[in-house]
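All chains are identified by letter, namely A, B and C, in their written order; residue positions are counted from 1 within each chain.
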Amino acid sequence: MADVCSGNAVEVQGLVRAFGARKALDRVDLTLPAGAFLSIFGPNGAGKTTLVKVLTTLTSPSKGTAKICGLDVVKDAVDLRSRIGLISHNPLLYPDLTAEENLEFFADMYGVIDPKQRIRELLASVELDHRRLDPVRTFSRGMLQRLSIARALLHRPDVVFLDEPYSGLDPHAMDILDSLIAQIREQHTFVMVSHDLAKGLELCSHALILAKGKVVLFEPRERIDPEEFAALYRATVGSGVA
Amino acid sequence: MTKNRLTMWFLGLGGLITTVTFFMAFFYAPPSLFRDGRIDFAQKIFYFHVPVAEASFLVFFFTAFYGVRFLMTRRKEFDTKARVATEVTLVFVVLTLITGDLWTKFEWGAWWVWEPRLITYFIMTLLVIAYFVLRSSVEDEERRAVYAAVFGILAFIDAPISFAITRLVPSGFHPVVLKSGGLEPPMLLTFIIGQIGMLMLGYAIFRLRMGEEVTRERLETLKAALED
Amino acid sequence: MTGAALSWRQFKAILRKDIVMELRTKEMLTSMGLYTLLTMVIYQVALSQTGSAFNVRLIAAGLLWLAFVFTSMLGLNRSLVHEKDQGVLDALLLSPIDRPIIFFAKAVGNFVFLMVVEIISLPVFWFLFLSGGGPASVPIFTTLWQLLFALVLGSIGIAGVGTLLATMSVNTTGKDFVLALLFIPLMYPLLLPAVSSSSAAILGGMGATQQFWQGIGIMAGYDVLMLLAAYALYEFIIGA
């Protein structure tokens, strides 16, 4: 079910997301090969979350196209959804259900074929197996995020989106997240939104800076000089609240 | 500038026709008589009440229509048109209630009667008010437009259902009193002219408001462009 | 998994989740149940000056439906709040689910909760208001099944349209108020026949059977029409 997609993981052409006069995304172009790790930076209101929303089919484009693994975000939305996962700063979990029940629920939603096996596997890898019968309400922030990772990976997505995943995490949880990403790095494509410049650059194979809905910079990692980048980033963030 | 001319024509003509209707109602159309021969003066209100009631319903159709168009295209202009159409509906619905209420007072002596048509228009007033309250309580622009469109469509479906159902379901109150079946030609003529006049006025008001909205949109676009 | 089988699995999952969560917290049921009880206390106050000759049966149907309408609005809001909290709704929307399935699952859940509250309230209402005043003119069994029938049809409409409206109102400032404002005018054409048929069931008398069935027919028509509309419109709202 989860071959790495052939061709490009992400293809965005002339993407516009606007309502009336206000443009959240203004003619964005982007091509990301499969297996890449994209870090998206930018000031608040730059359109980062909107871009992720379009790519994860939560919002549709006003103009232009976006494709993930060759699937169009509008026309092939339903198929696309089973190939992507989202780890957000919100855990996206039901507080009154246990960890196991939460995962069972999402396994049903995604039609996961071997739910019990898969759930055990994931709970073990996020080190939450001993808490699986506890209501999520009782979890700490770090544990919530770990369970959220399990939720996101349940259906073996090809492309994993991360929306400020490290925010509010304790070091232990951060390590787990890091090691999980390292484990699946090979077979997956990642798109991460982050305010953490160092972390973002460290992990990425490509970097994108957005400001006011426009692409300020999009380069593969090799071509980026860390100091120049940091300067540009600071300049953009400093001046660019939309 | 032809657009504005057209609006002015409609406004002027509509106003003129409505005034003519007023005079026709009193001087041209023969008085309606009760069975015992008394003149039913209050019936004159009919020439305003029904046109404005029917006009309000027609404009409400446009609320739903533009709502559908918006949902299909997601273009902001359709949301604006739907909103303006609803504003015009509000004006007409309130006028309907007022004229209807006056008529009720003259006919039955009470200021309010739970009679099918009045109930239906009361419900419509509530629906239109709900539309605006809904709009003002949603912060995100696009979500506001989507919600308003959906509710507008539901409300438009609901209005005629209310009317049909209040007629069907038995209630203990006054049965609907209809006067003699048909309208004599002079009355019919007055009525039709009144209807046309009201519709023209409605359209003119719609265009006037839309003109304001379009200007406002242009201003917004300019502001946004300046910020870049 | 294939389309239909997956949809059914998803539907069951959402419905099961809502019921399990409710059974665990008992939030909705207790608040709805207590609310109905409190409404009846107010009824007692409202009727306190009517004297013993007053036949409560005449307005019993109206009182019942009044209580249920307000209770249902309370329940509807709460059922959607769970999804809004924590933004979990996004997780639902990210999954390969046909949006209308979410609507059906939520609506059926709301319908079930509403029916539970109604069925429990019925005997309580009877006990408080209708047990005195001489024998009823309608055999109890007839009244009961007719009332149940009316309750079911009315609750279907309330749950269906209510779920759609609550999905919107939960995202507004002033949630409960907005829901009430949207809900009551749209519900009006359902409530009239609901009270009419329930009243016929309770009072009996000349033409009661005809009145009952007419009310049932109108409610059924309303349910079909509005549920179709809600089903068609739901996906626009949930994605907004």
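Everything that follows uses one rule, which is that a residue touches a chain if its C-beta (ideal position, glycine included) is under 8 Å from a C-beta of that chain, and two chains touch if they have at least 3 such contacts.
Quick caveat: nothing in here was measured; it's all calculated off a predicted structure.
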**Asked** Which chain is most remote from chain A in terms of Cα centres?
**Response** B
**Asked** Which of the two pairs, B-C or A-B, is linked by more C-beta contacts?
**Response** B-C
**Item:** Central subunit by CA centre of mass proxy
**Value:** C
**Asked** Between chain A and chain C, what is the gap in Å from one C-alpha centre to the other?
**Response** 40
**Length of the line joining the C-alpha centres of chain B and chain C, rounded to whole Å** = 32
**Asked** Where the centres are mean C-alpha positions, what is the separation of chain A from chain B, in Å?
**Response** 50
**Request:** List, in ascending order, every residue of chain B touching at least 2 other chains.
**Result:** 142
**Request:** Hunt down the residues of chain A that sit against at least two other chains at once, touch-wise.
**Result:** none
**Asked** chain B touches which residues of chain C in the complex?
**Response** 161, 164, 168, 171-174, 178, 181-182, 184-186, 188-189, 192-193, 196, 211, 214-215, 218, 222, 225-226, 229-230, 233, 236-237, 240
**chain C to chain A touching residues, read off their complex** = 1, 6, 9-10, 12-13, 17, 20-21, 24-25, 82, 85-88, 90-98, 239
**Fill in**
The chain A residues in contact with chain B across the complex are 19-23, 60, 62, 212, 242
**Complete:** Given the complex, residues on chain B that touch chain C span 71, 123, 126-127, 129-130, 133-134, 137-140, 142-143, 146-147, 149-151, 153-155, 157-158, 161-162, 164-166, 168-170
**Touching residues (chain side chain A, partner chain C) in the complex** = 56-59, 78-79, 81-82, 84-86, 88, 90-97, 101, 105-106, 108-111, 113, 151
